[in-house]
Amino acid sequence: MKAYFFKRIIAMIITLWLIITGTFFLMHSVPGSPFNEERTTNEAIQKNLESYYQLDKPLIVQYGNYLKALVKLDLGPSIKKSSQTVNDMLGRGFPVSFELGMYTLIVALISGLILGVVAALRHNGIIDYLAMSIAVLGISIPNFVMATVLIQQLAVNLPIFPVATWSSPKHMVLPILALATGPMAIIARLTRTSMLEVLTQDYIKTAKAKGLSPVKIVFKHALRNALLPVVTVLGSLAASILTGTFVIEKIFAIPGMGKYFVDSINNRDYPVIMGTTVFYSAILIFMLLLVDIAYGVLDPRIKLHKKEAK
Amino acid sequence: MEKVLQVNDLHVSFSTYGGEVKAVRGVSFDLHKGETLAIVGESGCGKSVTSQSIMRLIPEPPGKISGGEIIFKNIDLIKLKEPELQKIRGANISMIFQDPMTALNPTITIGEQIMEGIIQHEKLSRAQAKRVAVEMLTLVGIPNPELRLKQYPHQFSGGMRQRIVIAMALVCRPDVLIADEPTTALDVTIQAQILELFRDIQKKTGVSIILITHDLGVVAQVADRIAVMYAGRIVELGTRREIFYQPQHPYTKGLLQSVPRLDAEKAELVPIPGTPPDLFSPPVGCAFAARCPYAMEVCERVYPIETHISQQHQVDCWLQDERAKKLVSSFK
Amino acid sequence: MELRKQEAQNISPDVPNEWFVPKVRNKEEAEAVVRPSLSYWQDSWHRLLKNKLAMAGLIFLILLALLAIFGPIFSTHSVETQKLAEQNLPPSSKYWFGTDDLGRDVFIRTCYGARISLFVGLMAALIDFIIGVVYGGLSGYKGGRTDNLMMRIIEILYGLPYLLVVILVMVVIGPGLTTIILALSITGWVGMARIVRGQVLQIKNYEFVLASKTFGTKTARIIRKNLLPNTMGPIIVQMTLTIPSAIFAEAFLSFIGLGIQAPHASWGVMANDGLSTILSGYWWRLFFPTMFISLTMFAFNVLGDGLQDALDPKLRR
């Protein structure tokens, strides 16, 4: 087990390093200086700024310094908002985005699982068609469309919920709903397929032949095995929720990481783009590790495999 | 002899994408206490559907028991509702499926899988259930049962898993055990051990066994009586001796000729030509007529009458008719 | 056991004597297959025709394509014409979908949006198809170390969040239609490559492939003649599902200001413009682009699902 984790962490660090390097050189391959767009910076000031942000040094030196700072978890200063560092922005934005993301994931998981299981149990029945129609709709309607529809209907036409910001639980309902629909639909479809597959397995027949009640068969024998494929997609779902936060935070004016990210893209604030990308990647890679652990917990066959590997 | 189970004129059909498949078309047989009845036939002849219908395990829909009765302890199982069936399944009638590799839930310990049946039916405490489970594992020949209970299916070999499946089926001491191709997925040496186990268990517990198989070698080893199924019907039924030494139906004869035998005079294997009929629109007469070397005009027009050769031995074939006997010489 | 009456004589009275003659038959009769057999594609097509939702999706997409191609021709308005006197007009017989804050016809802009969405979707699917099939086919066919290395690369790409990569590339090469397609192609083909590889691995050991190998047929020819036709089903499904995700990506990027730039029309751009007016009651400016995005994605998704059901032999009875 320990050896396995060690290997995994090494692999994580390598992947992260690849991403950092890729992002760094991608960002520095943009032609021109980021200060050119500024209105009337004279040459002396520009030189000063460039030396402050080390842009006058050779690229490889900049890269080395960036890595050195990263090891100390320092993501550098923002170019456009001179008094702030990337760390400040993430420190403020991350808790909000994390809250949004986690609630979304929880809502999507619970509703998706329920929808999928019910659809599978009523295979080809009305509930199945209904659930799957909801799911296809959920996949088809982009999250920013969902957000606008929700605002229009539940905040403007019927003023039940506030239009924007993130200050009370009531403010959170619409953004979470808008962001959760897509992942919920994906989970529902996957759960249904996986559940249907599991329900045709011999061990389900065996369980029926034992005289177990349908409820027991579903919860004890089917659900856990049906969950395994769902767990494997949680990583990529987290990624899609994460990118979803960009637009949702923009639409609802939520002061999260996504909003900083989109702002930084729009005013070409490269250190912020880079820092946020690196941070996002680190989170996602960590999520993938969590998913792997969850998979190992759910499937006893995996554990044995790892023990043997040791 | 005491009858444990009676199946009368059972009809089962499945509605599918291509139409209605009449998988079982009037099957009748009795199961006596402590005997092993083998149901033999090619794949698709309806033997598995028959056995699953007894447990009421065919998925409805698309499956449907469209007629007949299944009498167990004076109750017609076809008329029972799901909760009542649950009380019978596993407690009175148990079932073993073909592939031991897939019959066990991979994510639950085998101890839990064995115990859940007892806990369900006999309201025992976990400690008591565990004692019974250990007993059962010992009975089916699994060493270190206490330790093995905590393990998962993937930690056992195929033969071991089939033993566990058998233990699981027997844990509530059922009256009837239905074994659907229990040895097909196993190596030949393991097969022999499992068959030996069946005989041993039957001696110890007195359970009646319905053995579904296409393998006449298996049948020869354990069956007391044999029912030969073809295209959804039992075409011949008799004791093992009668079926092996005085087969009456041309299909039974064909089956026997298509398996290797050590005691036969000629060693040549003769396959049965042709394929079984399409059960979307089964033939009106004898379904085997199209492949039968002795087919007559009548065979295609009318289904043959059940003829009793002896007390135990019955066959559905027009060749039993006096008028056909004269014709026999004209077939070649 | 009770024996029946006829048993004594073994003569069934309802059956006439003349039926007791050997049956005359030819040899084929015994082997005859009763049902007519359909080819794989015929059977799949029949199954697709039966799927009403998928057919509805297909019909919608055909209509949408017609609208995208011919819609602007039959209209008297043009995409970029601004009529400041006719700002924010609600839908009417003159302006079917109303006008926006610069007095531009929303209907024509929606048609142009359809052009862009369909173009992006189809191009992305095509590029994914080409790269995915070549990469996956090669990886699966060559096997061994090549396969291992190629799959490692895929694993790394697969771990990256798709939209994040696209955004970074867009930042570097600047917004625009070609860059969207380019950016989408960087990671989009990975899924296709995986599917093709899986299929190839499964099929390459089939006897008919081994047979042509022993005849000395070239690798490329084996891939083209033997493997591709047999892997077409899952590939088609994957392509139908790639299109909506590409359409979504375009709309998403345009919405956050990284995609198609004004004055060009794209559904994402229009939705973004419309969003700011949500409180002023100009609902049509948000409604039409978002409805078209959703309907188009819905149509592709149900068509993809239908194709999957129709083409997957495992689901057949």
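Per-chain residue numbering starts at 1, and chain names A, B and C are given in the order in which the chains are listed.
Simple rule for what comes next: a residue touches a chain if its C-beta (ideal position, glycine included) is under 8 Å from a C-beta of that chain, and two chains touch if they have at least 3 such contacts.
Small disclaimer: the values here were computed from a predicted structure and weren't measured.
Compared with chain C, the chain whose C-alpha mean position is the greatest distance off is B. Across the two candidate interfaces, B-C and A-C, the one carrying more C-beta contacts is A-C. Put simply, the chain closest to the centre of the protein, by Cα centroids, is C.
With centres defined as mean CA coordinates, chain B is found 53 Å away from chain A. Each chain gets one centre point, the mean of its Cα atoms, and the points for chain B and chain C are 46 Å apart. Chain C has its Cα centroid 25 Å from the Cα centroid of chain A.
Touching of two or more other chains is recorded for no residue of chain C. The set of chain B residues that touch two or more partner chains is empty. Against chain A, the residues of chain B that register as touching in their complex are 55, 57, 82-83, 85-91, 94-95, 97-99, 102-108, 116-117, 120-121, 152, 154-155, 165, 168-169.
Put simply, chain A touches chain B in their complex at residues 201-203, 205-214, 216, 220-221, 224-225, 298-301, 304. Taken in their complex, chain C has these residues touching chain A: 156, 159-164, 167-169, 171-172, 244, 248, 251-252, 255-258, 271, 274-275, 278-279, 283, 286, 290, 293-295, 297-298, 301-302, 305. Looking at the complex, you find that chain A touches chain C at residues 15, 18-19, 23, 26-27, 29-30, 136-137, 139-142, 144-145, 148-149, 151-152, 156, 163, 239-240, 242-243, 246-247, 250-251, 262, 265-266, 268, 273, 277, 280-281, 284-285, 288. For chain C in complex with chain B, the residues that touch the partner chain are 1, 3-4, 6-7, 9-12, 14-15, 17-23, 25, 29-31, 33-35, 316-317.
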